[in-house]
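Let me give you the structure first, and then I'll get to my questions.
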Amino acid sequence: MLTTTNKPSDPTEQLSGTRLVELYQTMVLSRYLDERVWLLNRQGKAAIAASAQGHEATQVACIEATDPSKDHYLIYYRQFAAMMALGTTPEEMLRGFLAKEDDPMSGARQFPLHGAHPRVDLFNFSNVIATQLPQAAGVALADTLKGSDAVTIVFFGDGASSQGDTHEAMNFAGVHKLPVIFFCENNRYAISVPIEKQMGVESVASRAAGYGFPGVQVDGTDVVAVHEATKAAVERARAGDGPTLIEASVERLLPHTTDDDHTRYRSAEDIAQMANRDPIKILSELLKRRDLLTDDADAEIHAAAKKRVNVATDTVDAEPYPSVDTMFDHVVDSVGGNF
Amino acid sequence: MLTTTNKPSDPTEQLSGTRLVELYQTMVLSRYLDERVWLLNRQGKAAIAASAQGHEATQVACIEATDPSKDHYLIYYRQFAAMMALGTTPEEMLRGFLAKEDDPMSGARQFPLHGAHPRVDLFNFSNVIATQLPQAAGVALADTLKGSDAVTIVFFGDGASSQGDTHEAMNFAGVHKLPVIFFCENNRYAISVPIEKQMGVESVASRAAGYGFPGVQVDGTDVVAVHEATKAAVERARAGDGPTLIEASVERLLPHTTDDDHTRYRSAEDIAQMANRDPIKILSELLKRRDLLTDDADAEIHAAAKKRVNVATDTVDAEPYPSVDTMFDHVVDSVGGNF
Amino acid sequence: MSEQTVIEAVRATLQSEMRRDDTVIVLGEDVGSRGGVFLATDGLIDEFGENRVIDMPLAESLICGVALGAAVNGMRPVAEIQFADFVWPAINQLVGEASKVRYGTNGVKTAPMTVRIPYGGGVRGGLYHSQSIEVLFSHTPGLSVVAPATPYDAKGLLATAIRTDDPVIVLEHKRTYRLVKGDVPDEDYTIPIGKAEIKRPGTDMTIVTYGLMLHYSLQAAEMAAANGIDVEVLDLRTLRPLDADAIAESASRTGKALIVQEDTPAVSISSEVAAIIGERCFFDLDGPITRLGPPELPPMPFSPIQEAAFMPSPEKILAAITKLSEI
Amino acid sequence: MSEQTVIEAVRATLQSEMRRDDTVIVLGEDVGSRGGVFLATDGLIDEFGENRVIDMPLAESLICGVALGAAVNGMRPVAEIQFADFVWPAINQLVGEASKVRYGTNGVKTAPMTVRIPYGGGVRGGLYHSQSIEVLFSHTPGLSVVAPATPYDAKGLLATAIRTDDPVIVLEHKRTYRLVKGDVPDEDYTIPIGKAEIKRPGTDMTIVTYGLMLHYSLQAAEMAAANGIDVEVLDLRTLRPLDADAIAESASRTGKALIVQEDTPAVSISSEVAAIIGERCFFDLDGPITRLGPPELPPMPFSPIQEAAFMPSPEKILAAITKLSEI
């Protein structure tokens, strides 16, 4: 049975062939589970879903260059594959989408992928775009005060780059050379708003120069390139040399969320061209060119992933919803007073 | 009697020698009035004052390159000399500081230099740093919709460059190539916070590249250089080519406001070095080198300015404060309802 | 006259106001070809073009700051905040700036801007797509706040907001968008800011409410009628300025007041309504001034079970009516 | 025990808390060598260094967002907002984010952060250095809000705030900083959040108030005593959660309630206090629930004459006491 890959290679190493195949497995599993979640939405079981389809290579490769035993991850709603790469089980993921009692992130209080992870320091307090960037700077600041060499990785989209919080966080991180990686997944759309209406320049990474640290653009469908770029940024941060802004160009293969219909605002050509940028197809071809994967092995990986997702769906579908009374817990930890 | 210079030369022209002397007169008058206001504060008559001392060349030269008959000016509290250059009389300025009934900007509801100007489209809604930048983008957007070729000039400090609003406004102006000039008066301090703690790079102007328009650094003690830079930006904006970010390096010769004591946070050397960057001294020397000004004429300009300020002080000192009942006017323009 | 949903009334009003006045522009996230996430601006870009229907970068402070700047320079911008929960970055431009433009310039400048904000819960929105954000706006001098609950009121109040020379916040309960239908006249009309409306006359007690809770209250009132309790339902419609006269008149007349709101009660609209009644109706009341709202929790859990437990419902309102009627 | 001003008590408490706990850090604009514009942090950078006393860039959202991030990673940040009027850019990080960290993570993460905010008027601050900003924070589940009015309370409540594992907003009335003096014990103590205090016992009516208005109310109560009216003055001290029991007990006992506040009345703390009394004391009251506040204007004109006309004063409070006593 396929398991998720919560045992990254030494992040300072190059990716081995075996490891590349493992990452591929994670991507495939993430993809199947992601598809399943959309299906569950269409069945009326999941209220909403955002998808990482098209972003998988970026996310899996980025996580691979970090150290989950100490690093911090501030995600937003689209880091489905990153969460898988960090060892979240399919059951755990599904509990979030189906609002089940044992949802590990928030106990079904929040949207899927919101809350805090039970095992790694991954969290996502809100749906509000870009609030996580100043928070990430604060997390990183605390590490410098504690003398920890942990790195903080904060994810955001091209749309988020327009928020004031993004600027404020990068500026501050630049002043104090904080150990933080600003990781932008640029899929050229913020819901329907295309990048040309979002910003007057070609690249988010170009902004880094205005803050005094490197900005790197990378092809987000290229696992090796994303891993390299992140590895360099992690080393820089751990060495005390400060932040890096990484911009991975990816495609959002699906509409913004299950509530969206991207044919309203994307042309047929724009939608069609994305097929060539599917990171799973690209990595599969690469592995086969390098003789790391046979067609049979690939088919097996797909079959195993599908099975794994089926098992998880059946399990979680049968699980209970939270009871009403837990709703009152954890507002503030206070004795006295009618909080 | 010296009057303020509300009759700029053709902004597309180079500055003539005569005009340079006129600008010098405005700067000197601004300086004397500014000093007087501080004195009035020490006498308990003016509740608070921020000073443009050290910023005069920048402000006067910037205004000179614009067209007050149609352009828009969004200022903050430090554009004392700019207001003088735009034809605000010493009496009008003093009414703001002394909270007199006829304060033209706000009728004594707001701090000095806040409110809206009675004759040119200059305004400053609040003390809140950087809010004026998105507003300026909106003003400029309206002009493009109206088909006007007016230019919007928005002033801000180095401290203001850290606010999210600054980023959001520049980004938007870049997307739509709005006719706006972002004019930063960089005096290296935000109250006590030095530029090194404000940003991780040397120059605010370097940020413009990240928004897709030119960023220009200019010596803010150099009237000719500031005029040139602004003129180019105005022409660019009027031609529909979009924004410019101008950063003028200046000294804040006095503490942040009358409530501040800069010896708490500036070294004696830092304070001492500013004497060489006094724009009035610099322009006076330039004019004399170019034989545009004699020592005698200079002395006369100073004497006239002093006299003008004395007259204005006496006049305004005798004027009435607003009555209580006007306090209720102009909350909202509504019939019915207990607004 | 035609039957419309709330969202249809909003869209039709935006369209007619844009036809009526060239200076009306619409700006917000996804308001262009997407037509807004609730389709409030669907089709507007086709009719009015990109200049007047502006897809903004993802930055709410910018959206409201640009609206303000454009408003003081001759436009009548209608900004859309995609969800109420995302208005916080814009508070500085709205509460800090826009509210004080007229006052702070001693009447020289005005900001004829409208900000439409879909708010409220019951839509499986969890903590960040369910918030009620009326308190701060309703507290702030210089702002007007309307909260229409029916298609008729949505049209009349949005038209008024757009034509008003000062900033108006229009709170649209997102659950009403498709749920609530009603007749809307074809002809042009406006509804004055600051006027509540009795949506159901009654003699035994007054329910004061607004938004989605109007509809739940009307349902509860029908159920109560079956039990012989005749409940008057007053729809506030405007949250700033509150129609204190209408509130006091109704509460004094019926002698009992129940205030129903979806927002958490502490320091809220229901507090102010209670304070108005406590000050003005003291000698006419036959029972304590009662409030019904959700528990003091961050609004509101994603779990459907907990969401339902959080929200006031017709049944909970009926229970409160019954209890108050027994005093 | 020593006599201190409010600002001295604040400074001494920051110092002792930083000595007590290495994870306490201070961050804000000008908090370093400038010592803060009110000198609340004067000298701290000399004792604790730049790492723990951080001069921040001019960006309030950043200040609060960084405080939040540091708080969830082991620190106990104390952020300073220079003036309340400048807190609006940070609302998103405070009301939107910090308030819901514990709830939204189902108790996994907590944010032990304190935000100190000098607020209020009577200092010739005009529209933008005089604002009262308590309403939104006091409305928000997940936040605690304290508003000490004396040096004793300033020390005890600030210490509690810093040691609390959730976000606490500390509202310091800037007019009290140097105006109000009082005895402060040298030894360590805390004051629980959520507890009001009777600052003057009385029998004829209850004034409920907080902040600067506590002192004006106490003065007015003395004047009223000279006229034979014995006024109880209840200092709320905490604005969220309000001490509803203490409010109800006092109002029920005296039978009359006057709520005095500096903030504009509509949808405010005084509304909630009135609502609590209207709900819980209905059968014990002998007169309408009365509120005294400034007019509904943007707070508050720079003109000294108009500022004085805007602010409640001991004389205006006395007039309200007299009027209510005659009912």
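So that you can tell them apart, the chains are marked A, B, C and D in the order they are listed, and the count of residues begins at 1 in each.
One rule holds in what follows: a contact is a pair of C-beta atoms (placed from the backbone, for glycine too) under 8 Å apart; a residue touches a chain by one contact, two chains touch by 3 or more.
What you see is a predicted model, and the numbers here were worked out from it, not measured in a lab.
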Look at the interfaces A-D and A-C and say which one is made up of more C-beta pairs in contact.
A-D
Farthest chain from chain A, comparing Cα centres?
B
Using mean CA coordinates as chain centres, what's the gap between chain A and chain B in Å?
46
From the C-alpha centre of chain C to that of chain D, how far is it in Å?
30
Whole-Å gap between the CA centroids of chain A and chain D
41
Distance between chain centroids, defined by C-alpha means - chain A, chain C (Å):
36
Which residue numbers or ranges of chain A touch two or more of the other chains?
106, 109-110, 114, 126, 128, 162-165, 168, 171-172, 175, 197-199, 331, 338-339
Where does chain D touch two or more other chains at once, residue-wise?
56-57, 59, 61-62, 85, 88-89, 92, 96, 100, 103-104, 127-128, 141-142, 240-242, 296-298
Could you draw the chains as nodes, link the ones that touch, and say if you get a line, ring, star, complete or other?
complete
Partner chain A, residues of chain C touching it in the complex
29-30, 32-35, 37, 55-59, 61-62, 85-86, 88-89, 124, 126-129, 295-298, 301-306, 309-310
Applying the document's contact rule, which stretches of chain C touch chain B when the two form their complex?
25, 51-52, 56-57, 59, 61-62, 64-75, 77, 89, 92-93, 96-97, 100-110, 141-142, 144, 164-166, 192-195, 238, 240-244
Mind listing the chain A positions that touch chain C in their complex?
47-48, 99, 106, 108-111, 114, 126-130, 159-160, 162-165, 190-193, 197-199, 259-260, 264-265, 321-324, 326-328, 331, 338-339
Quick one: which bits of chain C touch chain D in the complex? Just the residue numbers, please.
61, 85, 88-89, 91-92, 95-96, 99-100, 103-104, 127-128, 135-136, 138-139, 141-142, 239-242, 264-272, 274-275, 277-280, 282-283, 285, 287-291, 296-299
Per the touch rule, the chain B residues reaching chain C in their complex are 72, 105-107, 109-110, 114-116, 118, 123, 125-126, 128, 131, 133-143, 145-146, 164-165, 168-169, 171-172, 175, 329-339
